[in-house]
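In what follows, chain A forms one complex with chain B and a second complex with chain C.
Let's turn to the complex of A and B:
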């Protein structure tokens, strides 16, 4: 359905934007994110009093996590939604990207040492290395059944994490005994982690500070002075302003990912991917080297995961193998977000990222803080025993306080239950029913191109929700 | 003539499956290297050692024993995974957390019984029932739960571990998996990830996220060479004393007759009661399962269902009942292995099963999905790989080595070693 060109009747950008907002996917995302913002504004107002600054911080946090999850969900959508490759090793590919980035940009004299190269080299290198890792894994694994591929990829991500934890690679020399090549000292830092002084927040900080590496030692630039004091007057903290700016950069990257996926999806390459997803044998019979296509798309997706990992993990200026980003659980988070939005739909991926980040990831903590503020006095019990003990004397207070205290682990229970219910009642997710057809023209558009009154194709080339669902469009069976 | 035919067969095999042959050659090379290392032979070119080296025989024996112990635990847990994989055709990612559930349930009862029996109970039964999640109460050392000093607690714990895991897996099947019978394997797999998360963090909510000690060592049996004879003792000090000529009358010390190694004096292998409990119980359970599946109609029905579910149903096999039986056996064995592995490790944390899950997958795939003998053998091979690989690589890579073996097997022989055989 590459016929997503603007209708010829209205040419101006503003008109297009207006129709998109009214009935297209941009409008859908705007409505959902708007509702989430309203909800979190209420959360921030009801929670521990922090004024306007608290509200802005809450909205920043929600946008930040939405953008990160949206990026990775989009990358995973390329694998699972477009090509039907069941990759649950996302955390491993992120780790490869992040550590390659760190090794390239870390200063040569540091512990562990790096190459001391500029930021963009690190980004390109990290993406390349993640793509290469993807190729190495996919070459043998793609011949396997989907569930085997899942096990191989999750095992790969664990191998990566365990290797990074190992002291063997804490500090080593590349090309140590190879003639003609220079000795290059490198290292993963093992459990102690690795410093990432040059990271994607530096360009953002250089807008505001003369010394972005260490804002405290330099002074603010003219822009920084103006922006920070303007926000400061409203009660927004300086760190929140900087994070907010970085969040805007992330949103730009989400847009980039979205655009790239749409381009891929509507290209001849993307049509072959969809054909593979539907029936690999048929695609093969039509003379497409499906294995090569799968390796290629696996590499592209892994490169995007590497980039997502870099934008996510390096902004702390430091990383180590125990970071949640590299845990298998992270892969499942991303997968759940994709399942919520609906595999196959790019808009669904962004929505899924937003809904997961706000309602499942951040929401429980905000809610727990509100309840703690109004209903709990004193220290909550630290153990289940102490919480359940008073139940004997009909006092549910300690158990309630303990529940609020442990909302971070109950959040996982919630995530699990949501995933189960989703798979039972709506395995296609919110927008997964919009199956992207492999044909380059709209097979259901019987009335021809004059049908300009009807609903337009969705922005990501999917089916608009109000149209009749294609005969076999409901379920995806692989 | 038979020999030439064999060689010709082998040649054909190599030509047809070069990757398998390469892998076989690699394993053979490692075996030769291991043999040379034990014999103390070193083949060097210049300053680099090609093969061989030195490796104490006792170290190899210890590694092999460790591998067998861990491998039997993994194999026991893998049987259930293999059965659900072949009969319900999905990879159950919640299986690891069934193991953890069994471990916690079993140990709560074991601690309760040990606490009631030892008289050190400070009045807080809830403390014992949450396996020491809290500041007050007797420590693991006070309770000293092991098969020798507290057999009742261990047996009761094992029984409860099995019963609780069976109950949990049946309830979860009813709530989660049964409504999804007609869905694809991938959809059920994803749902099982949800089950895993929910189950694991409910356990964290009740039992806490900390890693706790369960037992206080317990008695062990040491096999050692003493001045040429092979002897058994319970204490290391007895061995040292005996090698110097004397033995205290109250210590356990037996010299095995008939073996003479000259003047060899060294500790060969130290076996704890927990390890023996695990090995004996796993072997008994495996044999019992083998007999059940070979001698009863249930085994036949399971094989039929694994082969073709629709055909099984039209033949009159009560498929839902077979599925329930599968969960009972698989869940029960998972619970038992969880309890036993926690006993063997001496510690218990909420991620016990999740950490083991990938190794169990490796074992099941290695053995061939659906084959319970494959799961047992695969478990042993994975355990041995993880353990014996320490001869060549640092310990931080031993788990990675086991995963790498799994990936290799998937690439070379996706059906596993026992491929094609489904359920018994």
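Let's turn to the complex of A and C:
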């Protein structure tokens, strides 16, 4: 950020870097993620002994999930935070993206067959299809009151999921009855799912392996050999190294999402979105055709959700409709992460993604492992009755062990508690009270032609204005 | 319909108002746009001088005729008052003119264009902008943003221009120009010290100023002001009125809904009185003041 600007003097660069870290969003994200890393390092050390490798794996896992949630939360922030569009069908748009990607990239002879096209075609196609789905959904719903969009989107996401599960679409031929077009065999694979041999992890793997599709059958490249053996020497497993590299790719995409949203938000377009969120009739009365804006922003957000879905779900090499990614609960996880971070703030979205992924999503498992290691001996009871029974003789041990065993169910309880606390004490989320100024330039910098003087406002649009602070100079982005 | 204008057209108009109930739909427009709107222009006003012409506008909500065959015209460059007791249909008329509600019958034409059935945004883009009775601020937006929002046809409102690296430069240049205009407008309305403030933090009077300033940034040729002085202290009211008069001298047309009779009588050159969804009388203030029906229906003994 600040470091990329031409240095005037050594002091000013350091000052600006310090300002950015102390007050800016980069610093905030760094502090929060740093704290999360410290916490997970402790978790990994206290948990089942795995040495340095275990710590790296834990940090990789938390970064991976943070990046995935941050992407989806950012996309949702564009809908809900920027324009006030209540989309509770995020999972459905992810599914559209993933399945379109799968259909485009799957080999022509597979079961189910695909088009066998390259990776990038699949990514673009998946995003396009998600955007088109968004347009089709939003066109009728956006003409009505906002609540209807919520109903339509949640219904859509369930329709998509159940359609993919249906055997009707397990294998079919596109254009079978259209004389001029070639017959194209496609399929969803229904409950058996669909193989995704070409997926975004392939370019990453090709860095390390000569045969990225199936690393075991080929050998390592020179880079792969060097990196993997270097990490291996520290006790980090090979799969963790590959995942770590893919996580870096995901972080790059988070940056891309963030950049795009900031561009959209800090522009006249973003200003109209903000006005729609505040009072649509006012926007209309000022000559803004809000329906057009809503459809456009809905499509962009859906395309980002499709991309997020592709990066999330396809890395396993296959998918099926029972994946958690496509469940309605996933939409609510993403919403909760946005609420934690604060709707309307991009930095808040990233932080919300990080806090949700670490504390609510992964945290319980790590904590449970630690408790299991130190406090539980023997096998936990397998049924609730067996767990509660010993309470009669004042022995809470079995219930405790049973609870730890089923900690993933406890996540729902935890999520509920967090929601209640948020609503009670911080209804706008961590950064939701920040009201970013929607303009491509600094509106307060009236006659200041210089583009580079003064500290820049925070990446996300700055803090709530305070008249005691002198106007900030300079333009608001690069 | 004014009593002391017994011309043929006025008689016909009042006759129609008196006899027909919701018959507006049957009165299909005959002839071209121009002639029909000319027909609707009030007597004594050259059609070429009429900015807004409302012709037999009707709207009912669940059996209640909120607006019942209302016809009036507003002279270009004038400050016309629209008065009437609560529930007379003034705000509904505004909503019908600006496309917030779709009329059940009748037509609205603005500067010779038939704008009946246009969407709110399209009407604003024609240059006809309104303010709201209860100031509707974009509360989480700063005063500056509120004003920056208003100008029409900003190139940065196109998503591609806003995002694409090569195109953003011209958006910024345009924004810099707008910023200058916005600050000038803020200074004109003497709210430049509030520029950083979020609109939600403003007082009632400041909101009214902001709303007028924001509407002005659309660069309209006519403004519909819905009770712009309600809840405004006398000093601020004076300030607002000064702005209105200045703008009018600069060529803007105003249609003003207001409860304060004295204010209307003092500042407007033409007054339309509505009562129970209909136009009861219209004419110069002096005429309205002495109109028996207006006194009976609305003004009581005060005037």
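Keep in mind that, in the parts below, the second predicted complex is superposed on the first by the 424 of 478 C-alpha atoms of A that agree within 3 Å, B and C clash if a C-alpha of one lies under 4 Å from a C-alpha of the other, contacts with A are read in each partner's own complex, and residues count from 1 in each chain.
The rule is simple: a contact is a pair of C-beta atoms (placed from the backbone, for glycine too) under 8 Å apart; a residue touches a chain by one contact, two chains touch by 3 or more.
What you see is a predicted model; the values in this text were computed from it and never measured.
Asks: Taking the superposition as given, does A:240 touch the first partner, chain B, the second, chain C, both, or neither?
Replies: Neither partner.
Asks: Could you look at A:274 and tell me whether it touches chain B, chain C, both or neither (first, second, both, neither)?
Replies: It touches chain C, and chain B stays clear.
Asks: After the superposition on A, what does A:36 contact: first (chain B), second (chain C), both or neither?
Replies: Neither chain B nor chain C is touched by A:36.
Asks: Give one of first, second, both or neither to describe whether A:311 is in contact with chain B, with chain C, with both, or with none.
Replies: In the superposition, A:311 touches no partner, neither chain B nor chain C.
Asks: Looking at the overlay, what does A:146 touch: chain B (first), chain C (second), both, or neither?
Replies: After superposing on A, A:146 lies in contact with chain B but is clear of chain C.
Asks: Looking at the overlay, what does A:423 touch: chain B (first), chain C (second), both, or neither?
Replies: first
Asks: Going by the contact rule stated at the top, is it chain B or chain C that touches a larger number of residues on chain A?
Replies: On the superposition, B touches more of the residues of chain A.
Asks: With the two structures laid over each other on chain A, which partner does A:415 touch: chain B (first), chain C (second), both, or neither?
Replies: Only chain B; A:415 stays clear of chain C.
Asks: Would you sort A:254 into first (chain B), second (chain C), both or neither based on which partner it touches?
Replies: It touches nothing on chain B or chain C.
Asks: Is there a shared patch on chain A that both chain B and chain C touch, and which residues make it up?
Replies: Comparing the two interfaces on chain A, one with chain B and one with chain C, no residues are shared.
Asks: Can you name the residues of chain A that touch chain C in the complex?
Replies: 260, 263-264, 267-272, 274-275, 277-279, 281-290, 293, 296-297, 300, 435, 437-441, 443-444, 446, 464-467, 475
Asks: Going by the contact rule at the top, pick out the chain C residues touching chain A in the complex.
Replies: These residues of chain C touch chain A: 98, 100, 119-122, 124-125, 129-130, 132, 136-142, 144-145, 148-150, 152, 154-159, 161-163, 168, 171-172, 175-176, 179-180, 182-183, 195-198, 214-215, 218.
Asks: For a test of understanding, state which residues of chain B touch chain A in their complex under the given definition.
Replies: 90-91, 124, 126-127, 130, 133-135, 176, 179-180, 183-191, 193-202, 204-209, 358, 361-362, 365, 394, 396-397, 399-400, 403-404, 406-407, 410-411, 414
Asks: Where on chain A does chain B make contact in their complex?
Replies: 86, 140-141, 143-148, 150-152, 154-156, 158-159, 162-163, 165-168, 329, 332, 335-336, 339, 382-386, 388-389, 406, 409-413, 415-420, 422-424, 427, 477-478
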